[in-house]
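By letter and in written order, the chains are A, B, C and D; residue numbering begins at 1 in each of them.
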Amino acid sequence: MDKTVADLAAAVAGIEDGMVLMIGGFGGAGAPIELIHALIDRFKATGSPKNLTVVNNNAGNGRIGIAAMIDAGMVAKMICSFPRSADPRAFTEKYLAGEIALEVVPQGTLAERIRAGGAGIPAFYTPTSFGTDLAKGKPVAEFEGRPYVQERWLKADVALLKAELADTQGNLTYRKAARNFSPLMAAAAAVTVVQATKVVEPGGIDPEAVITPGIFVTRVVEVADARQEEALMREGAAYA
Amino acid sequence: MTEKLSNAQIAWRAAQDIEDEAYVNLGIGFPEMVAKFQPPGRQAIFHTENGILNFGESPAAGEEDWDLINAGKKAVTLKPGAAFFNHADSFAMVRGGHLDVAILGAYEVAENGDLANWSTGPKGIPAVGGAMDLVHGAKRVAVITDHVTKDGRPKLVKHCTLPLTGLACVTRVYTSLAVIDIEGGRFVLREKLPGLSLEQLQAVTGAELVIAGTVADLVAPEVS
Amino acid sequence: MDKTVADLAAAVAGIEDGMVLMIGGFGGAGAPIELIHALIDRFKATGSPKNLTVVNNNAGNGRIGIAAMIDAGMVAKMICSFPRSADPRAFTEKYLAGEIALEVVPQGTLAERIRAGGAGIPAFYTPTSFGTDLAKGKPVAEFEGRPYVQERWLKADVALLKAELADTQGNLTYRKAARNFSPLMAAAAAVTVVQATKVVEPGGIDPEAVITPGIFVTRVVEVADARQEEALMREGAAYA
Amino acid sequence: MTEKLSNAQIAWRAAQDIEDEAYVNLGIGFPEMVAKFQPPGRQAIFHTENGILNFGESPAAGEEDWDLINAGKKAVTLKPGAAFFNHADSFAMVRGGHLDVAILGAYEVAENGDLANWSTGPKGIPAVGGAMDLVHGAKRVAVITDHVTKDGRPKLVKHCTLPLTGLACVTRVYTSLAVIDIEGGRFVLREKLPGLSLEQLQAVTGAELVIAGTVADLVAPEVS
């Protein structure tokens, strides 16, 4: 079994117009910048993929990563908890112009919906958002006298993730707080694509240390010189 | 009719349908034998409910590590690329549809794919384990079983009479006499022992066997 | 912050009649034998705790651990997926005599109910058990045309767990497949008591390697010479 | 009335109520300051939604590791005993009631404990983050805030007019003028600035202040 592919273009193959993409990361930690930019390259060369729905905690920062996807016109809808950032221009401009849709989800509910998608749980109840605008239209129920909101699972066609180590079977570790949503997204997507800073042979990761077991991973590409989004931001980088 | 496949031969036949690199859960007991018969060149990755992916054979007697066991509480070993995880994550793999194949035993299988394999009725002590989760998780749920009960009654039936494990969940049954797919709520015969007539097979099957295309010979080598 | 206590008796203090106890382990892997036996010692000395509800995948094996609790008459009810074992006499005798109650839960549902208890999710839907005797009386609902059963969270007054490493703040690691239900139970119990094979200072466990963060742990006791239940079984041990 | 506590002083006051060894989440922005003012001898453990328990101060400029950030995307450091975990586990800590205290900012707090702190209405771009989860998770949810808005209107009100974050969730408010508990659907005054009369305080508060027992002086040292 060898899930590695030769390059970034092969890694992002098969992502089509209209798909739902989960993209790992919280702020810059865990953002798979190289995978995203490879997808932008394909869009620029072929006009596809477009009309994407992107699931991420945020909605892009500056002119790189998800923000650059939005700038390029690939994204029809964002599902996120916090569409603000140090430099939210890309999303803000499109949103105010009515050119991008937004589904705001409380962060814990977003995490749990993704986790449910991967775990085969179609719906669950949470106290979060009860009585607020974000619960409008959702079923509510009482348990032990306390009100809860019913939330639905969230799945994706493809997840794009950044890992620290991957073995060729797709077992993953992450670096510090770059873990965040990625293990959940790995399970919730039909196809999970991972850029790893280092790819090792099976046995190269201690079975106790595996955070995402390989069963959740479809393709792995090594990006040894991966850049951290926040570091790029501070250099004033733009991908255009 | 005395000729039939041994349990090992049934397990061998089921193993031939497991693709290379498939993620597989084998039920405790008889289904565990399937792992032994993977064709050369294929390497499935085995999952056990209690939190291991990519475990291997039993260790030699005296070499057991009792913190390294499968769902049947038998000692196992690890292959390179193994991972440990907790029970919630383990059943996320199951329920979330991440396994390619689950192979389970059965008391009864109905022609609509209903499975009864966890309870022989109100007299015993009920014990379900992970079976009810497995039947709703794997992309393909297959059963391996003797074709009839010890006292000769059909295990492939029109309707299950024992408490159900899951509804319409089984898609293929490997028995001591035949290989049968469940399609459109019917038993479709794919393979039968060469020495067995269709009438003989139908006589020990509790619902109609449908013929759709070729019925191949069910042939298994001597294995144990 | 120092969550360690001096001995097993202090570790199991405060467990009272009628409580719900989650006990870690699957078969012998992860069974906190020394904590259980300390609780039996207290029962024998004081007649308490009794009328306990015990949550575990199984219902005891042989004459040690949970089986010895049942033998001693401390357990009023078992919640488990598989009340059979190599030597299930203790449970079987009491069950057939009508002296112990049993709630059988599918193993994945048991895990998810415990996980929900720790995660503040009062109810969720699962395909598991739909149409079977174990779904009787439970609400059902359809999502995308497929039927699901509503299951409720499961919480406990106390969890008794076995860890490999613990630091004094309660961060834990487990040994191999001894992990199983324990990280879920740690979160689902009001008081989580851990016997660890080795206790280290904060910093002694790599933050990436922590499986149960200390926030879920109340008390830690070092049991350096902890015995494995299955190994004891094979020696023919009995705790009576 | 120009005298009031600075933000740092409000944060200092809130910090005095955090017990030793408490597990605490501080909202992004102003509430993050609370961590600086823990009394000597007390050591809370701080949680951040993005998957760290037991993080510490910001590193020196140039020493940042941008994979080691808090929910406000600021670089942090680790203390001994820190742990990383994924977002589902992180919000299990929140929603599951495992945090002792959450301290958040506010646009409005109503006398029944309703909180509005995520949206200033339909004109802006909505962004909620983890606030709606935090108000339902921690054992104690406190707010730190200026007593009035920048244009002088009360932030402590009879009913919130802005979109709610959570219903009846706040139990204590630390403002630039007072410390107020929410009990039985009323604002109960616990402390006020010594130079401020009850009438003056009531005049800038949008719902009745109830006196129940002693009203202590709210005194904070010069901190920044």
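The rule is simple: a residue touches a chain if its C-beta (ideal position, glycine included) is under 8 Å from a C-beta of that chain, and two chains touch if they have at least 3 such contacts.
The model shown is predicted, which means the values in this text are computed figures rather than measured ones.
Chemist: Which chains does subunit A share as contact partners with subunit D?
Modeler: Neighbours common to subunit A and subunit D are C.
Chemist: I want to compare two interfaces, C-D and B-C. Which one has more contacting C-beta pairs?
Modeler: Of C-D and B-C, it is B-C that has more C-beta pairs in contact.
Chemist: Select the chain at the greatest separation from subunit D, using centres from the mean of Cα atoms.
Modeler: The chain lying farthest from subunit D is B.
Chemist: How many angstrom between the C-alpha centroids of subunit C and subunit A?
Modeler: 35
Chemist: Let me have the rounded angstrom distance from the C-alpha centre of subunit B over to the C-alpha centre of subunit C, please.
Modeler: Going by mean C-alpha positions, subunit B sits 30 Å from subunit C.
Chemist: Using mean CA coordinates as chain centres, what's the gap between subunit B and subunit D in Å?
Modeler: 56
Chemist: What residues in subunit A touch two or more of the other chains?
Modeler: 112, 115, 119-121, 126-127, 176, 207-208
Chemist: At least two partner chains per residue is the criterion; list those residues in subunit D.
Modeler: Residue numbers touching two or more other chains: 52, 84-85, 88, 91, 94-95, 136-137.
Chemist: Spell out all pairs of chains that touch, sorted by label.
Modeler: A-B, A-C, A-D, B-C, C-D
Chemist: Across the complex, what residues on subunit C touch subunit D?
Modeler: 1, 115, 117-121, 167-169, 171, 187, 201-203, 207-208, 210, 213-216
Chemist: Help me check something: in the complex, which residues belonging to subunit D touch subunit A?
Modeler: 48-52, 65-69, 73, 84-88, 90-91, 94-95, 119, 125-133, 136-137, 163-167
Chemist: Using the touch rule from the top, collect the residues of subunit C that touch subunit B in their complex.
Modeler: Against subunit B, the touching part of subunit C is residues 26-30, 57, 81-86, 88, 91-92, 95-96, 102, 104-112, 114-115, 126-134, 174-184, 211, 228-231.
Chemist: Under the touch definition given earlier, write down the residues of subunit A that touch subunit C in their complex.
Modeler: It is residues 112, 116, 119-127, 141, 143-144, 146, 148, 152, 173, 176, 207-209 of subunit A that touch subunit C.
Chemist: Would you tell me which residues of subunit D are touching subunit C in their complex?
Modeler: For this pair, the touching residues of subunit D are 20-21, 23, 43, 45, 47, 52-54, 78-85, 88-89, 91-99, 136-137.
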